Amino acid sequence: MAFFDLSLAELQEYTPDLAVPDDLDAFWAGTLAETRGFDLDATFVPVDNGFTLVDSYDVTFSGFGGNRIKGWLHVPAGSTGPLSTVVEYLGYSGGRGLVHSRVFYALAGHAHFVMDSRGHGWGWSTADTPDAAADSGLQAAPGMMTRGILDPATYYYRRIFADAVRAVEAAKASPFVDPERIVVAGISQGGGITLAVSALVTGLAGALVDVPFLCNFERAITLTDNDPYQEIVRYLRRNRPDAERAYRTLSYFDGAVLASRATAPALFSTALMDQTCPPSTVFAAFNRYGGEKSISVYPFNEHEGGQEHHEVVRLDWLRSLFG
Amino acid sequence: MAFFDLSLAELQEYTPDLAVPDDLDAFWAGTLAETRGFDLDATFVPVDNGFTLVDSYDVTFSGFGGNRIKGWLHVPAGSTGPLSTVVEYLGYSGGRGLVHSRVFYALAGHAHFVMDSRGHGWGWSTADTPDAAADSGLQAAPGMMTRGILDPATYYYRRIFADAVRAVEAAKASPFVDPERIVVAGISQGGGITLAVSALVTGLAGALVDVPFLCNFERAITLTDNDPYQEIVRYLRRNRPDAERAYRTLSYFDGAVLASRATAPALFSTALMDQTCPPSTVFAAFNRYGGEKSISVYPFNEHEGGQEHHEVVRLDWLRSLFG
Amino acid sequence: MAFFDLSLAELQEYTPDLAVPDDLDAFWAGTLAETRGFDLDATFVPVDNGFTLVDSYDVTFSGFGGNRIKGWLHVPAGSTGPLSTVVEYLGYSGGRGLVHSRVFYALAGHAHFVMDSRGHGWGWSTADTPDAAADSGLQAAPGMMTRGILDPATYYYRRIFADAVRAVEAAKASPFVDPERIVVAGISQGGGITLAVSALVTGLAGALVDVPFLCNFERAITLTDNDPYQEIVRYLRRNRPDAERAYRTLSYFDGAVLASRATAPALFSTALMDQTCPPSTVFAAFNRYGGEKSISVYPFNEHEGGQEHHEVVRLDWLRSLFG
Amino acid sequence: MAFFDLSLAELQEYTPDLAVPDDLDAFWAGTLAETRGFDLDATFVPVDNGFTLVDSYDVTFSGFGGNRIKGWLHVPAGSTGPLSTVVEYLGYSGGRGLVHSRVFYALAGHAHFVMDSRGHGWGWSTADTPDAAADSGLQAAPGMMTRGILDPATYYYRRIFADAVRAVEAAKASPFVDPERIVVAGISQGGGITLAVSALVTGLAGALVDVPFLCNFERAITLTDNDPYQEIVRYLRRNRPDAERAYRTLSYFDGAVLASRATAPALFSTALMDQTCPPSTVFAAFNRYGGEKSISVYPFNEHEGGQEHHEVVRLDWLRSLFG
Amino acid sequence: MAFFDLSLAELQEYTPDLAVPDDLDAFWAGTLAETRGFDLDATFVPVDNGFTLVDSYDVTFSGFGGNRIKGWLHVPAGSTGPLSTVVEYLGYSGGRGLVHSRVFYALAGHAHFVMDSRGHGWGWSTADTPDAAADSGLQAAPGMMTRGILDPATYYYRRIFADAVRAVEAAKASPFVDPERIVVAGISQGGGITLAVSALVTGLAGALVDVPFLCNFERAITLTDNDPYQEIVRYLRRNRPDAERAYRTLSYFDGAVLASRATAPALFSTALMDQTCPPSTVFAAFNRYGGEKSISVYPFNEHEGGQEHHEVVRLDWLRSLFG
Amino acid sequence: MAFFDLSLAELQEYTPDLAVPDDLDAFWAGTLAETRGFDLDATFVPVDNGFTLVDSYDVTFSGFGGNRIKGWLHVPAGSTGPLSTVVEYLGYSGGRGLVHSRVFYALAGHAHFVMDSRGHGWGWSTADTPDAAADSGLQAAPGMMTRGILDPATYYYRRIFADAVRAVEAAKASPFVDPERIVVAGISQGGGITLAVSALVTGLAGALVDVPFLCNFERAITLTDNDPYQEIVRYLRRNRPDAERAYRTLSYFDGAVLASRATAPALFSTALMDQTCPPSTVFAAFNRYGGEKSISVYPFNEHEGGQEHHEVVRLDWLRSLFG
């Protein structure tokens, strides 16, 4: 496909004005305080994954609203810990999948914690966590992007971002995890969640942010024809008077805004033909990101990004990070 | 487009074996009893619709789970009632819309009661009623078809079918409405809901069932590539082990099963090129329908069906019905 | 979908150079004189529309070339007139439809005159008026856009624009219509015709111009992939040497050119994702429009524009206009 | 693409019941008598085609309604005649094109007469003949298939079939043409016209009928999603009450009906993946064809049929025919 | 999507007549003898895969024509062997990928040998093995399906099937591999190759055949619109006279024919909505398969088949097989 | 479709910086020397084409690597020569076709030499020449664009460009051909080859370059979504590290680079809606072309360009050239 976004030179300089709510920090402090009002109660139950090289645990902990959130923890078979750890958030439409599905970082000797995504699980993998909130039934275009979008307090991403912060805390509750050596990671929606966690959690060792979603919303939804950003357009197409309220809500969740509050070193990636998470929206976050940072640019790729080639880059980056 | 379903001669004889749960009647009796456990509390607030010929009222009543359900009631300006009445249920993705949007039956001198669809409102019209149930956040393929599909008790259509029964009761609570002259009506999803109400409510004067959805599910989801039936396929594609449970749930909501319990006279319509609600699935319901019945067949139409030509047929049918 | 046209700020300043034929006024004066050479002979035959709230009349009058043009006149049941009146022109591919199909303005207490479109009627509604001109068989890409395009004298839109002027005169022939309170109105092609009538008829009370077609042709046909503008491209793709003649013809029919001759107050609407009638082509007409004017902009809509939300705006605007 | 029609064995036996109007022969006799009421007045004007090997003439003659129909006559440079001759009718959307565009049969030593198609010329080639009939402006779905379809007397194909008969007579008026050695030929729509001419003209030497259109209409329009057959579906989709009248009209023009009246030897071709002119509709004509006949079947082709491979077959067949 | 193939009951009985060349066994015996005329020269070079749990080796061996074929061998870190082993063949368009990309069976404690596919590597993964045969430049529709299709001796699949037999021999050359406990496996094209190897190699412990390609060619290419089967149609569409020769060639490579010669126990899988490798073509092979066999059927899946759910089934099957 | 490239005014000034390898001339000198190391051995065998006006010869000569390349030579029947001659190269996916398929220039009195394209022949016509090089089996995205793209020495277009130079030499070996009056010509890929031959052969009388492919690669592959340019994107999408090597290779074959070395007068054509060979990439070559030049611009055409209208222009241009 053709290039459709800014040139690489323009991308490297792209720093759009973004709306930052006055009460952004208070909003998130309040959200996390409310979430932490529920006992974390992280449990780790061993489960047979069919593999001889990896041990896996079925994880459950309390996320936003006290809802019980699922996850997996994978470690090299026979490990005792504490291990360097990757906490991974997942892409749109999928969930934690079956126990054997995602053990990549464990193969490289790390503890690999996979957080399930509430209400997801229809797409590239299954999930086991409902979005058990009254607000999940608010009118919305199908999908997650507009659930509760008329108010930051009811927006879906408030719930999953809060879950994600608690996932780091749940990981730290495991003896396999070295709390000083936690990297957060994710692709696409997982990358957007990673940006939020980078902003909301201190003491992280690093962040892996691949083709992140949920950045620079106003540009994103008018630059691409692709879902999931287009869910917002479909909602506003019908619910014409709600645009202003929706934009206000999104400003609390914009990964490009939150990125400026991050401090951990980060490795980003983007693809110049990515119409799902356009490169300018990725660079909007990268250019504002508050910590040390580097970015891999894949010129001919769409939303798949660097895939196996970038997996090598990520493993190398982790090797450098953890010495 | 080409014909893709049975021939008209085959359709007229098409009576598939359909699974009928042993406890079907008990299930619905229990559901309605539970719903009626909440005070109906139907309110009618006059509202300016911009028209001089029609008076409109903003309706609210308690549906499933006691959730407050919205609607509109339209009557000829200056009417005092009681009037012959059409209670209309709506098609997939839309809601009650703005107050002036749907006054068709009022123009012909009837009271026209439009029930909002909980959680809908992203598509062809807006809605004002959330699906305010904890179960609305269960994992599902986006859309309504698989929300809570693993158990009849949690399935979305349990809630809206119960709302629909209560809508008739809410209509009867208005002085404009003659409770002996109520016709239920709907197109597509509205037609499927109409079939359910025809089965669950006694004393109806008639039913208008156009290109109904929610009929003969097993055939429907393997005969057409179109949404919304394909939402079920997308869910089962990923959640492979859930097929049996999903099929069991659907058997409680199949319009072709429920149709056999109806007794009011009915006018159906179907279109032979309708890939959204294939004609065989419509005839599955029509051929089993328990009351007097007739059907208009539109050979060259897709899901739009008879539209303006069938509106004339409907107005004539109502004229005959109400004398 | 993504934005594809100028930004809103650019649209508000967009005033392209447009070719204005030297003999534009003479051309239209001659066309109308020739048309008026045929007796108008407007007839109004009462017809049953199935409604109790609206009375309808089957209208026939002589348009271009003396061809008999059909229409409907709807008034509140029992009206005697004279009433404020909306003369409505129709969108591409449709016609006046069945008698009950379009009574919107009558519901608000106005007389509602719907003009049929000659030769249309295959798309969103039926028609009853042939394009009974010898020139209708000239070679053309299928559709109306290139019928007779090699000469302004033979172009299809010469005929329908002349019909539209005569429709106002036919409306005035009815006792239900107050000739001092006539608003012309239309969506898409109907909006383009409305612009032409606004330029060619004096004494109008107002104009409602929604997502108008037939404006700023040179830009339109090279900016969008959508029909009907692309009919012109398809014709010129094959008939390569005809481009100059076609452009010359179109300059006599460009709503953005004709708009400058209008004087009645007008309400426009446009949608920023409208690829059928791109917003820049709408603003080309709006920015040149000669009367008082305002415009509603719908950012996330395609050619459907403001629909029910804009219907409210229109009813309010008419209420203000007519006091 | 996949096979979608009958198997080859079924095709070879496929002889559907087809409606044959009682007055079919009278209808065509009357049509031709009326057409011959206008002076044929065939003229042949030499024109430079840019080639040194072929001489070309610009042909004009009077067709249906006395309308002047264009054509080309090509002969080997320096020929004096009389020559064996191919009169060719053209496919849907195209016309006679430029003078140098179609000289195939002349290269093989025949006179090659190309008849222009009235009102065509937007697609694969240009045309120079308008459909100069008042009836050409009757409401229709865009394209030629439904122009005047409510009455055999007004149907477009009445006019072009009559033109086609006159084209043979025009050819005979040329000294280059041996009237005893005329073959009629055409691909797709040209094949359908060829079938009609085979039925309506006696004394032909042969017929070349490739992937013919306009056969077995009822099956065709419900078997394929492709244009131009789908034009009829689009028309009937909107104009629902017109189906019976349209079917009646089509029965006068069905190539499979007319084929039974033919007597000249014929070479047919069809392709098993042809969704534009499905093979069963071709075999419906072939199996009824009244003269000696053979057919080439191309299993893996769509509507392009045998192309260059079948050109060889055609040249060989002509060589055998003309000795 | 809709079902498009036989019903499950019909599939279970589906045993089409298939052409079996008289010299089939001689052809393959000759091909393998010729291939074995080149020294196997299997080499295993250790390579860093970035993982701590798996050791990997870069494999090279001589395949058809003596061409050097690449592969990976993965074993649990620190293994000494001999191990139960899975030799895996790959799907169309991909290759062996990067060293870390496919280690699934090693995670379960097996040796995992991945054979690269000559000339592949543009699609879902990269490859490192050219199709270094003079015949690879024969005219063909792009892709592998028609390379050299006019003669069994030059057909692409002759080369890769021979490579695949040699891959088992190369695996046996490794001290990590227990030659008595080798299972061959593959998905899609890999499944087709697995069927061939099952027929051509004795002493295998088992076969895993998922949604296999290259079966029941005549039905496949006329039943589906999907690539890669459609490559054959595209070739024959142009090269019309070559159909018979192509069909003859394919009969030497049909997995459904070869399956009858297999003796090892096998686990198959298929998906009822698989338009790439339609279920009837899979059952054509399964029903003829010569060894013990079972099949998993996924009703709502397309070519992705059972994926993670079937991975569990496969791991369990291997566990049972190897005790 | 819409315009998508530079405006006409910008196109006329468009002269991008293009990478020119230091050893470009040496590379081609070496390639041609190596090719000429094989005996040309041009043979001309008379063959029946079914026509009486044209004589045809089946041509064979030695191209790159000594591979035997096929072609046709057509001359007016009975010609003795020497004649003005057009050597034509062919578009992507096709080949020389059947003997009667392409005789256009012969009809105008020229000798017409058609060179077959090695390895082509699956698309718009057949071919008879394999790409009989070992390198043809190197990994590549299907199609010709990436065969051997990692090295100029192995790239497919090295072979066919060398064939094309030898084709001129083969033509000169025929007594029908006047070596002083040879024009090279081609459409699309044929136009790209023509540019290369214009640069590599001296003494040509002219060049006809229509909608040429293979120009300004870096812009082309990131400006259009169409094949064949997108083959390169598909290759690099997977084989991410190969971009630099691929770009280096392409710089040796860029028609816009080679054009500057041409000296013969040339007639170009381009179409402003051509997404296969975008107009800017054509103007990149035209603006650098070294000889006298003119260009026909078709504003509303896609890749079909000027077709019959441009055939007239070409015949006129040849008439002027040859006096």
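Each chain gets a letter, A, B, C, D, E and F, in the order it is written, and its residues are counted from 1.
The rule is simple: a residue touches a chain if its C-beta (ideal position, glycine included) is under 8 Å from a C-beta of that chain, and two chains touch if they have at least 3 such contacts.
Just so we're clear, the structure is a prediction, and the values are computed from it rather than from any experiment.
A.B. asks: Can you give me the shortest step count from chain A to chain D, moving only between touching chains?
C.D. replies: The fewest touching-chain steps linking chain A to chain D number 2.
A.B. asks: Going by the contact rule set out at the top, which chains touch both chain C and chain D?
C.D. replies: Of all the chains present, those in contact with both chain C and chain D are B, F.
A.B. asks: Where are there more C-beta contacts: C-F or A-B?
C.D. replies: Between C-F and A-B, the larger count of C-beta pairs in contact belongs to A-B.
A.B. asks: From chain B, which chain is the farthest off, judged by mean CA positions?
C.D. replies: Greatest centre separation from chain B goes to chain F.
A.B. asks: Please identify which chain has its centre, taken as the mean of its CA atoms, farthest from the centre of chain E.
C.D. replies: C
A.B. asks: Would the interface of chain A with chain F count as same or different, where same needs over half of all numbers used to appear in both copies?
C.D. replies: Answer different: the two copies use largely distinct residue numbers here.
A.B. asks: What whole-Å value do you get for the distance between chain A and chain C if each is reduced to the mean of its CA atoms?
C.D. replies: Inter-chain centre distance comes to 51 Å.
A.B. asks: When the centre of a chain is set as the mean of its C-alpha atoms, what distance in Å lies between chain A and chain E?
C.D. replies: 38
A.B. asks: For chain A, what residues touch not just one other chain but two or more?
C.D. replies: 125-126, 309
A.B. asks: Please give all chain pairs that are in touch with each other.
C.D. replies: A-B, A-C, A-E, A-F, B-C, B-D, B-E, C-D, C-F, D-E, D-F, E-F
A.B. asks: Okay, in this complex, where on chain C does chain D touch?
C.D. replies: By the definition above, chain C touches chain D via 95, 118-134, 136-143, 146, 234-235, 238-239.
A.B. asks: Inside the complex, what are the residues of chain A that reach chain E?
C.D. replies: 50-54, 76-77, 97-98, 100-101, 103, 106-109, 125-126, 308-309, 311-312, 315-316, 319
A.B. asks: What does chain F use to touch chain A in their complex?
C.D. replies: Those residues of chain F that touch chain A are 222-225, 230, 233, 236-237, 240-241, 243.
A.B. asks: Quick one: in the complex, what on chain B touches chain D?
C.D. replies: Where chain B meets chain D, its residues are 1-3, 273, 298-302, 304, 306, 309.
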